[in-house]
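You will see two complexes here that share chain A, one where it goes with chain B and one where it goes with chain C.
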Partner chain A sequence: MKFDCIVVGGGVAGLTCALKCAEEGLRTAVVSSGMNALHFSSGSIDVLGFGGDKKIVYDPFDDLHEFIKEHPGHPYSKCGGVESIENAIRFFREKIRENGPDLFYNGRRNHFSVTALGTLKPTYLSQKSVFNEKLKEVFSRKPKIALLTFEGFRDFYPALAAANHKRTPMIRDCELVTGSVALPESVTTRKNPHEFRSIDICRLFDSERGIETIAGRIRDAAAGAEIVGIPAILGILHYDRIHHRLEELTGALIYEIPTLPPSILGMRLDNALKEKYAELGGLLIAGDEVAGGEFEGGRLASIRTRNYGSEEIKADCFVLATGSYFSRGITSKFDDMKETVFNFQLEYELPRNKWRRSGFFDPKSHPFLEYGVKTNDLLNPFTQSGTCVENVFCAGAILAHYNPVREGSGSGVAISAAVAAASRIASHCRRG
Partner chain B sequence: MKRMETDVVVVGGGATGTGVIRDCALRGMACVMIEKNDLASGTTGRNHGLLHSGARYAVNDPESAAECISENRILKRIARHCVEDTGGLFVTLPDDDTEYHKRLVKGCRAVGIDYEEIDVSAALKIEPNLNSGVLTAMKVPDGTIDPFRLAASNVLDAKEHGAEIRTHTEMVRCIISGDRVVGVLCRDNLNGELFEIYSKIVINASGVWGRRICETAGVPLTMYPSKGSLVIIDYRVNNVVINCCRKPFDGDIIVPGDTVSLIGTTSKKIDYDRIEELDVDDDEIEVLLAGGEKLIPNVSRTRVLRAYSGVRPLVSRSGDVDGRDITRGIVLIDHEAENGVKGFITVTGGKLMTYRLMAEWAVDLACEKLRVDVPCTTHERPLPGSETPSNRPVPHYFDGISKSVLGSAHYRHGERMDHIFSKDKKSYGLVCECEMVTAGEVEYALKNLCVKDMIDLRRRTRLGMGPCQGELCSYRTAGLFNDLGAADEQTAIRMLKDFFEERWKGVKPVLWGDTLREIEFTYWIYQGLFGLGGVPDEDEPI
Partner chain C sequence: MINLENISFDHCIKCTVCTIYCPVARVNPIYPGPKQSGPDTERLRIKNPDLLDESLKYCSNCKRCEIACPSDVRIADIIQTAKWKYSPKRFKIRDFLLSHTDLMGTLSTSAAPVVNRITGLSLTKSAMEAFLNISSKRRFPAYEPGTFRRWYGRMKSEQEAFSEKVIYYHGCYVNYNDHELGKTVVRTLNKLGVGVTLIPEKCCGVPLIANADLPGARKNARYNIQSIETAVEKTHCSVVSTSSSCTFALKHEYPGLLEIDNSAVFNKIHYITAYLSRLFAQGPVPELQPVNLTAAYHAPCHLERMGGVIHTLDLLSNIPGLKIVLMHSECCGISGTYGFKKECYDIAQDVGEELFKRIADAAPDIVITDCETCKWQIEMSTPFRTVHPIMILAQSLGVYTF
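Moving on to the complex of A and B:
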């Protein structure tokens, strides 16, 4: 098999990069080993949420100029400038909209999404069932708000959210009620009705009857609230229609709150990316893993996968988007860590006790989150012998020198680096 | 200031203190136990949970060995649901001298431990993961004991016989009147309130913290704290206890426990003022893993879940400063006879295995002083949950309730599982999937087992002790605490944060491989998705 570009890793970075490559007309393949991190994400896209000292960032693109200057090794410094980053995020939003949710954005500014603990988190793109213009407008009028969960759903507790919600400036002066909604009896008799997870409840909205039943109960539990927050369970495919119908039937504005995995919000994005990619003719090799590669003259010539065995899969360019520890992009052991697939050089520290700080929630977060593959300014990695591999590009959590959680930059970096890599690959391939 | 009166105050809620309070209550005395943290939160919960057969002491300390085998037989009877009768093996490693095996055989015979010399091939049948190169093997009646369950059961029985239990209550000092200790000044650590308990006798059962308690009564107690560290590996790689057949050293034992196995133990002398700092050093982890691997080669390929350490309360009776005279035996001090201070007894030294005997001795002495003529029954009377002689069949509640859910509850609470499951299906909804902890078990523990926060709950139920270390169940539990009225919202959120910080202590030293993967995931969820670290504790705007 021979491709223009092979992307190793099927997360938000890998899929976005592959999508862009496919759109550029490149023959593209993605090798993906399993479920990606979108399945436990917020489903919002953060570009830059926090600056130094955890200061909230309101204008991510404006602040990025200074941020890049202060962080020369940061992946954002390797994405072709702030304008390219902004374009990459726009590209992502437009592509997602074609097969998936329409993403709300607050001009060039961040907005706040609500967490399951009721805190507010700055983010750049949110699904419209999470935040939208109407909600923004009604919130400013200090409405009555209801936070509701579903009986037997283990993964959302409105009272805990409400307690913190009350402490935020946006909600402080609002009347806030909490409650829970009984699920239709047709579901609850089947198994233990107290072990539901998001995905189980999600299915209730597949029928109009289900929507109507639940809408009636939401209306009752909301006790006249103008805005109703519920855990994010409004369907993986028909969320727009379900959201719209629920609002229509309850007469309230409804917003979804991301909670424990599996993340329905993230799954929507995952589906949208995969569908668009398939539409553009891209190949997704799912459930497979890259077992190694063949290097020739300082370039990666081909890869082997577990399922294809000894068959070489060739490409002009490759993308390494295998994620960090959790996704097994980086493998760590007692006294060392390495990049899993090609053993590229990592930027990290030894001994092991430097990997973390002494408190779990230390405000400075943990160094291990910033470890990753060392790259040049074009996102090319280095072999252990020090050769820069110019036809391999890295994107997403495998990259060194950024802390997605502390900066609130995870998906933004993934998308920006992915699009930058794809553009470089496209011009590489055009040059022949 | 609030003031209470009772016959006996017991200071310390570890194995010894909980044993003492049960014994006092069973003999009909009015009694109050105070514990500055939680039940079994000190040394009691920080060892390998070995139900000694005594064989480990048979060569060098026959007296301790004899105590062990006698208590071993008692505990198998009275604490069935806290004990697993796994059996144990002593094996000679390829590089060791088989001479020790012979000495051990002799020692066991002298003490009366039922040993059996077996072929290595027979040992490998019993424990297939065992190093196949071992030279000799013998079977001993070792087992495992869950110290958390043991302490909680003792307290439950004490409460049911009228004792008052105050956890998270710290003793500030003894109250002295003339030549007598007449009570203790306490602080409720949950709200900071000070109060006094006046009593006829104060029994100091606070283990390594005993020196501080003695100081407030003006009596000396020389302690040589010794830190012992252990690692937990994420699978139960062995089903019987495996000991090295040689003089005890670091990393010479692997004990199965619930769903995991533990490799123990190091021994490091520490200064008394450092008994609260329980860090596990990197070199200890290396030694323990290397030792464990020699016994069970699979250990090197198994995820390490946590590391922790405890401090042994070693006492020098003669005041010998270089520590050669240090005993690992039971130390019972009548401070009236020894220091002329009346109404004050210290029981310390010893080991988890002999907690009941320590309690018996201490309470015998207290009874003598109070002229209470009731004999000890703790060696005969089963703990709550262990009443029925044989493991009765697990009751059937509903279709669809999985056997492992019932089995886990029965395993942890014995017959008291009847108080856990009800007709309300909510009671068997799973909260912690790793350890099969249900909402019913959480509610039962909250109501009956002195649970004040999520960390206490973990000790009563194993919630959050499994492979994911509380990743999903902790948020659910915080919600449940709030739903059940056990914590207001802010408290529940603070507990959640504390819970992760507490789990982190044991994970930090072994942060590599799958443990690092799991931690990254947990961090994404609770910091990235929930913003938990940024929630201020005090009631201030966010």
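Moving on to the complex of A and C:
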């Protein structure tokens, strides 16, 4: 099999890159092993949330100019400039909207989204059921807020979220009530209460059965609150309609709060990306694993996978977007770490006691989070013998020199590097 | 002592992603989903088999959980093994009849018209439901008189004249239910300059696995691999199959679930579209006539599991005039013998509902799918004729007419 571009990894970075490649008219395939980290994400897109000393960033694109100067090795400095990063984020928002949720953005500024623990976090794009213009306006009036969960659901605790809300200057002065809503018995027949997860309630909402009853119970539990926060379970298919319907029936503004995995908010983005990609004729090889590659004259010529055995899959260009430790893009052993697929050079330190700081919540975070594949300014990786592989581009969490947690930059880096890589691949393929 | 050989369940991080993508858990609230039925309760079962949960029977072994798992846990394998290993070994006549496709085929083809008539009678259907727990709502696949192998016997000398040959693992379906597909495969390959050889074969074992008869499946697997090894060693030919589930078993279920080593011939066994798309890539691409049809393409679960969908799409993309509408990745529900069982029939139809709707929305002239049981399910549940991709290619090559 022969492609223009093969993307190894099917997460935000891989899918965005593949989507862009397919849109450029390239024959593209994605090889993915297991579902991606969107299933574990907040479903919001961060570009840059925190500067040095954990200072909150309000205008990410303005701050990026300075940030790039200060961090020359950072992936953001390899994406073709701040304007390209802004365009990449816009590209992502527009593509998501075609098959998925409309994403709220606050002009060029960040806004705050609520976490599963009830803290606030600066972010750039959020789904409109999470934050929107109306909520922004009502929040500024210090309204009464209700935080509610559903009986039997174990992955969101309103009292905990409320306690954290109370510590947040923006919400501190609001009146807060908490409560829980029983789902109609007719629609909850799960045998095992331990299996009652976000997806189960989500399916119930998607079936749109009993919405009136649920809305009535939400209204009662909210006790006159203007705004009601509930765990993010309002469906994977009909979330827009269900969100509006609930607001209509309860007379309150409703916002979704990310839950523990599986993340319904993240899955909406995943579906939207995959559907758009398929529409553009992109191919997805799921549930497989790349077993290695054949290098010829300093270029990657083909890959082999576990399922295809000796059958080679050839391409002009490749993208490595396999993620970090969690997605098994990097494997760490007791005394070493490795890039899993091609054994490309990593930027990291030895011995292992340098990988972490002693405090779990150390404000400087942990060095291991910044380890990743070494790349040149065009995002090309290096083999162990030091050869730069010019037809391979890296994107997303596999990249070195950034700390997605401390900077609040994970999805922004994934999208920007993905789009930058796709543009470079497109011109590479056009050159022939 | 706990056997530590297969502890892939230990890699489970309890993320529940498998349960999201489980078609059965989506429609059946009684099934707790692959996470709980697989890795979660396997921990308990290895300590005490009495903790077996009877809900395991709802798993249809579609393998979608394994495609979804980010931690590479062989969830469906754990469940199939547990079904056999821990459940009481009671002989169930229904499961025996459903899973012994070659035996049933041999018996039925000798009196096909009578058998087809009888299985189509509502009285028979009611009786099968009452006594055998086979759903009376399920339409039975028709048997053909005689076997594909007998037809091939008359072609043998002609086939041997080709200098390039491939071994065709036809499977039970072609041998007993759909000779036309087998004949079309022979004519298609002949047109491309390739002769067809048959070798001794038994049922691939997929229905045996699904009905918790792992020893039976293993016996067939050993037989098939030995037969393939002998033939490949002698002729160096590739082995092709037109059934996505047979191919999946020969290549992946044998070493993965049944622990039968197939490494000597793994790279020689191909799903037919993989073989042909490579033949086309090597060139020259034969002259193809336009097939002016809009076709909805449904990818079978087992073909997805082994990454074969792109080969079929690649092959079909060569055919001028053919417009493919790709159906969203979804299980059709039948999962082989699963949808025949009384307790699973409604689940199977609920699982497939989304696919049937999408097919209807596409308003195709025809539906294409690689799997015979998906074909039964789609033809029973929608008004559309459903064919194997090879039939379309054959039409384009001028060796078959609709």
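Throughout what follows, the second predicted complex is superposed on the first by the 422 of 432 C-alpha atoms of A that agree within 3 Å, B and C clash if a C-alpha of one lies under 4 Å from a C-alpha of the other, contacts with A are read in each partner's own complex, and residues count from 1 in each chain.
Keep in mind that, in the parts below, a residue touches a chain if its C-beta (ideal position, glycine included) is under 8 Å from a C-beta of that chain, and two chains touch if they have at least 3 such contacts.
As the structure is a computational prediction, the values presented were derived from the model and not from experiment.
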item	value
Clash or fit (per the criteria above) of chain B with chain C on chain A	fit
Chain B versus chain C as contact partner of A:405, first or second or both or neither	first
Which superposed partner A:140 touches (first chain B, second chain C, both, neither)	neither
Vertex chain A angle, Cα centres of chain C and chain B, expressed to the nearest 10 degrees	90
First, second, both or neither for A:334, with chain B first and chain C second	first
Contacts of A:40 with chain B and chain C, given as first, second, both or neither	both
Dominant contact partner of chain A by residue count, chain C or chain B	B
Partner chain(s) touched by A:385 [first = chain B, second = chain C, both, neither]	neither
First, second, both or neither for A:261, with chain B first and chain C second	both
Closest Cα approach, chain C to chain B, once both complexes are overlaid on chain A (Å)	5
Chain B and chain C contact sites that coincide on chain A, given as residue numbers	37, 40, 191-192, 194-195, 261
Chain B residues touching chain A - in the complex, by the definition given at the top	282, 286, 289, 400-401, 425-426, 428-431, 439, 472, 475-476, 478-479, 482-483, 488-490, 492-493, 497, 500-501, 503-504, 508, 511-513, 516-517, 520-521, 523-525, 527-535, 539-542
Contact set on chain A toward chain B in their complex	37, 40-42, 54, 115-117, 119-121, 152, 154-157, 159-160, 162-164, 167-169, 172, 191-195, 258-261, 324-326, 328, 331-334, 337, 351-353, 355-356, 358-363, 365-366, 368-369, 404-405, 410
Touch list for chain A against partner chain C, complex	1-2, 29, 33-37, 39-40, 189-192, 194-195, 197, 199, 203, 261-262, 267, 275, 278, 283, 285-289, 305, 307-311, 327
Interfacial residue positions of chain C with respect to chain A in the complex	15-17, 19-21, 26, 29-30, 32-33, 36, 55, 63, 66-72, 252, 266-267, 274, 277-278, 281, 304-307, 309-311, 313-314, 326, 328-329
